[in-house]
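Some structures are shown below for you to check.
Two complexes follow with chain A in common, the first pairing it with chain B and the second with chain C.
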Partner chain A sequence: MTSNSGESVLKVEDLSVTFATESGAIRAVDHLSFEVKRGQTLGIVGESGCGKSVTCLAIMRLLPQPFGTISSGRILMKDMDIAALPKAKLPSIRGKKIAMIFQEPMTALNPVETVESQIKEVFQLHFPEMNAEAQNAEAIDLLKRVGINAPEQRLKSYPHQLSGGMRQRVMIAMALACKPDVLIADEPTTALDVTIQAQILELLRDLQVSSGMSIIFITHDLGVVAEMCDQVLVMYGGRPVEYGSVEDIFGSTSHPYTRGLLNSLPRLDALPKSVLKTIPGMVPPLNQMPQGCRFQTRCSHKTEICSSEGPKENAPTKIKSKTVQESQGHYSWCKRVDEWGNIK
Partner chain B sequence: MLQCESEPMTEYLLRRLLLIIPTFLGITMLVFIVTRFVPGGPIEKLILSKQMGSMDGKSSGMSSTSGRASQGTLSEEQLEQLNAYYGFDKPVITAYFIWLGKVLQFDLGNSTRYGEPVWDSIKSRLPISAFYGFSTMLITYLICIPLGVLKAVRHKTWFDNISSIFVFIGYAIPGYVVGILLMVVFASKLEWLPMGKFISDGFEDLTTPQKILDVIRHAVLPLTAYVVGSFALMTFMMKNNLLDQLSSDYVRTAIAKGCSYRRAVVMHAFRNSLIPLATNFGNNIAFLLSGSFLIEKIFNIDGMGLLGYESIVERDYPIVMGVLVISALLQLTGNILSDICVAIVDPRIQFR
Partner chain C sequence: MKMSQNVLEVEHLKTYFPILGGLFQRTIGHVRAVDDISLTIQKGETLGLVGESGCGKSTLGRSIIRLVEPSSGKVLLNGTNLLTTNGQELRNKRKDVQMIFQDPYESLNSRHTIGSILAEPFVIHNLLSPKERDDAVVELLRRVGLPENARLKYPHEFSGGQRQRIGIARAIALRPNLVICDEPISALDVSIQAQIMNLLIDIQNEMGMAYLFIAHDLAAVRHISDRIAVMYLGVIVEEGPSESISSNPQHPYTQALLSAVPVADPQFKKRERIVLKGDVPSPSNPPSGCRFHTRCPYVQDRCRVESPELKSRNEKIANSKVACHFPLK
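So, the complex of A and B:
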């Protein structure tokens, strides 16, 4: 287990992302703050549309232009605020300081370029002084590190000649090419079958240990979170609902939504073919979110206070941690958390 | 698997080339048979003109003795002679193979109208159509690809919207109407450019630079008409292809790697967006070489389009068949050319 007192690599403060739509501005991420420490993995969990991918695109400054804008907050790497960087500076950050791998390895690689030219492009972009031999050696080494057999031959391949798992490995190799401080993995295993998923997760863990990089891992799979992450941020409707160490989130769950997600997991000790538990209802559209707590429409613990007052974005309730990792902090954005302690 | 990639390619092309033969036979045989059975063939034309001639003769006071002797019709012997001359006395299949045999010896027969060899008329006109065809294609690509790219990159800006207005106007007006307009304005009113034809009458006496200038001066208006006709479609095809590619995942990957937007467009999206254009490439060659008879007619250019059109109107079947042979061969090789182009830009294409 990595230490908790590691230095902060990426700090997101009060981040809001607004999208201009035909029916007005929609806030897809609402006053979100979190921190990623060196060599650690932060998992961001939530249903589709909760803003987890948008958060990552905002960190990369890859929000779809001209509709998506960072409307408040700072994204700090050391003293540099990515949110405030001029556009011209972004290419020197992307791929070098922060790299990203995407959900869909089948389409994320350019179909008409070889693996070789796509990997080497990263060197050309960030290390233009590197000569051809060094690039070649480095590219082969990268493919070896991500567990690709016969890397010399694979370099000459086109993406369509590779399987999905291989392509994701190539994506990872590309992302690692400049030894980034932070790797953002946006559901990197969702499109892969289970055995390949396990291999890719193991690969990411090994690479993290060997390179010491930090990972932001976006997923809706709590099983993957338990396996991969040190810290977890649970999001709902663009807002944080619970934030803490993986032990806190699983061991002393402090938000009804997180509890709902955990209860929805299939369990080995459940009766065979029994119906999976679900969270009733649907996520309301972002422009029809209720006043107060956004989860109230689906929450079985809802009372008056949830809609009249609701949680403050910047003032979550700090949960007294039962685990030793109290220093990390465990926060819940549920107004009633003190009343019932940990929810079942 | 990787090193033998060129092997199936040549094999595939060879097979495609061989497939030209049955396709070519099918096309020509079909048209040959049709020319046999549609009314208004050369003999009927001759009979008609004879009758017209004899009527003219009667109305002008029976001055023509020969007109009276034939009574405005042809005798049985004369008809048989004509049938034999045109090859109509044999069964259609036999006649077709006789024609084919001659074609294989590069003999396309003689024009029934002028009596001169068909090949000579085609030979004198093909370069003219080819000149216009290739110039049109070159100019179209040179305008449409950069314009389409710019429009895609500046999607929904004032540049895109205003250029779209012009492209739509170009799309709405057929090329030949543009031709007429241009001619009225620039040749007739302003007299800046010649009215038509491919070259001036005194072309032979000009010096080489003057000759080049002469061809260019003649080419400006028809080329504009040609380009306007094909330019809207190509521009929008380029723009939409590129827009599709710009929103694709791999472009996002490229930017996430640290590519500037410009580099992502040029190095990644652009080549992918050329694939549909490459599919079209060979067809364009065939289409442009065969010329547009309307534009050729307006500008009085003796090209393939006009030749083919007039030969059909005049039922000059040897020329019809000759033009068909050339355009069929162009179309069929154009298809293969398209395949090669696509294979060059898209490594996913595999020839089996």
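So, the complex of A and C:
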């Protein structure tokens, strides 16, 4: 980590995102706050529909228009509030300050343009003063940095001529072109094979060390979280349920949902064909969420208070760490966390 | 059952897809998706089949029930060669082997109710009276944990996990001896994956069928399987009991696959891991000698010329076979 690791690069405060639908407004992200520190990786974990991707689209101001709106909260980079930025100012943020890579590189890349013209488009947009020669040299250098062999030839390739792992490397190269402060990686390895996933994760870690950028890593794979992240935010039904350092989240798990996710993983050291502990039922649709705690319909620790009161969005319970000597802040949005403490 | 306890015996199975090209669309080469594979599955046993995309694992599964036509070899189901049976006889035999597909959104007919989807196997094979079929459908729904009124609904009214339950109900309707599960959990959320794996294990304990469980997720495959076969570029490179494959891999590819699986424990962050270089070569033109030699960290000269045979190379690990000249200890 860099020496100034405590410095906050991106701060999200009380963010809510609302979608207008035929059956009324749906709040996909509900009063979410977190912070990303320089040179660190924040993991956002949760199942489909928990709001992790919507959060990132909101940060990039890429919510589908006109249905999705940021209905409350601030997204702060230094003193600038991205949520309140006028449209005309957005290009100065996208790419330069925050860049994003997507799950499926084949659909994110333009199929009828070569890698070269797609990378150079970034330069033309953000560095119009750069001449053709410098662009060429920079493009080759970028491809080298993301570990692509024979970059001169690859520049002439079209996306369909590249393998899945190679395409993701090209995406990463394009995201790095403007040296962003924050890289948002939305399930970047979900579509890849494990051996290729290992290559891409290693690449992202190396690039982070050399450039000092921060990463927001969205995934549903807890294994990837354990390997990549410094801080973890677990989401359920658009709300945060647990937030803390990776050691705290795995070592002193403090929310029944996080515990349930961890228990449902088949472990390489468990007996084959043993019964996996599962979380019963499934996530309710966003417009049918219960009052109070949203996880109560699937929680085995549920009592009266969970539906009558539920956790307060802005006042989670602070957990005393049992694993790390000095916890950086570990929070649980469970009303009953003090009663059961560290559940198994 | 004839003599052996094997439900399925696959012998020297090859499935080649022609590559057409040139002016007259002539065959200019072959994609060797399945290249000389032999395996057996015993009664009530689960064989896990792992490998990366494009290694031919799904083609192998589909070749077994002739959803794709194999080029040569034998597929013996309870002693009958499926590749030489045709017509009515093949239809009868197919009762004994069913399939569960990866994408529960695409494998159910969206215009049929769940009731008619689940009754269809009985209709096709002309079994049971209409009244008995209704009862059987209700029983199937109960078995996979869905409410009885589900039979009146359409597939779009269900979530991915529920649809996969419907797919399972359809596969077990005729009480087959073998179910081929082609990536049945990879499209599902983590908490739902565990529910479906538990269901598959439960059903197997109750009904005693064998599974061929195809997946790329080694942790899941190890969890559900008795034995595991690892595929690479159309061939099996290692085969053995689940525990010895995961704790004691003999093939460098198995070792690399295991080491690439991210472990949900931050303590493992600093472990040594083997990151394979490069991509999987094309199956239309596989490398000479050992097919893995282009990515193998321990490659030697012999590997580039001589193709290793899949055989037992370590007596200490029972029932294990590996195709490597220099197996790991």
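By our rule, the second predicted complex is superposed on the first by the 329 of 344 C-alpha atoms of A that agree within 3 Å, B and C clash if a C-alpha of one lies under 4 Å from a C-alpha of the other, contacts with A are read in each partner's own complex, and residues count from 1 in each chain.
Going forward, contacts are C-beta pairs under 8 Å (C-beta built on N, C-alpha and C of every residue); 3 or more make two chains touch, one makes a residue touch a chain.
Quick caveat: nothing in here was measured; it's all calculated off a predicted structure.
Asks: Report clash or fit for the pair chain B and chain C bound to chain A in the combined superposed model.
Replies: In the arrangement built by aligning on chain A, the partners chain C and chain B fit side by side.
Asks: Output check: A:N110 vs chain B and chain C. Expected answer is one of first, second, both, neither. What do you get?
Replies: A:N110 sits against chain B, while chain C stays out of touch.
Asks: Does chain C touch more residues of chain A than chain B does, or is it the other way round?
Replies: After superposing on chain A, more of chain A is contacted by C.
Asks: After the superposition on chain A, what is the angle at the C-alpha centre of chain A formed with the C-alpha centres of chain B and chain C, rounded to the nearest 10 degrees?
Replies: Superposed on A, the angle at chain A reads 70 degrees.
Asks: Going by the contact rule set out at the top, does A:L268 touch chain B (first), chain C (second), both, or neither?
Replies: The second partner, chain C, only.
Asks: For A:G24 in the superposed arrangement: first (chain B), second (chain C), both or neither?
Replies: neither
Asks: Considering only touches as defined above, state whether A:P86 meets chain B (first), chain C (second), both or neither.
Replies: After superposing on A, A:P86 lies clear of both chain B and chain C.
Asks: For A:S157, decide between first (touching chain B), second (touching chain C), both and neither.
Replies: The first partner, chain B, only.
Asks: Is A:L125 in contact with chain B, with chain C, with both, or with neither (first, second, both, neither)?
Replies: The answer is first: A:L125 touches chain B but not chain C.
Asks: Give me, in Å and rounded to a whole number, the least C-alpha distance separating chain B from chain C in the superposition.
Replies: 5
Asks: On chain A, what residues does chain B touch that chain C touches as well?
Replies: none
Asks: Can you list the chain B residues touching chain A in their complex?
Replies: Touching chain A: residues 1-2, 248-250, 252-260, 267-268, 271-272, 275, 345-348 of chain B.
Asks: Hey, which residues of chain C end up touching chain A in the complex?
Replies: 46, 52-53, 159, 161-162, 189-195, 197-198, 201, 216-220, 222-226, 242-243, 246, 256-266, 268-269, 273, 275-277, 279-280
Asks: Could you list, by residue number, the parts of chain A that touch chain B in their complex?
Replies: Per the stated touch rule, the residues are 60, 62, 91-96, 99-100, 102, 104, 107-114, 121-122, 125-126, 153, 156-158, 160-161, 171, 174, 178.
Asks: Which of the residues in chain A come into contact with chain C in the complex?
Replies: Checking each residue of chain A against chain C gives 47-48, 163-166, 193-199, 201-202, 220-227, 246-247, 250-251, 260-262, 264-268, 270, 272-280, 282.
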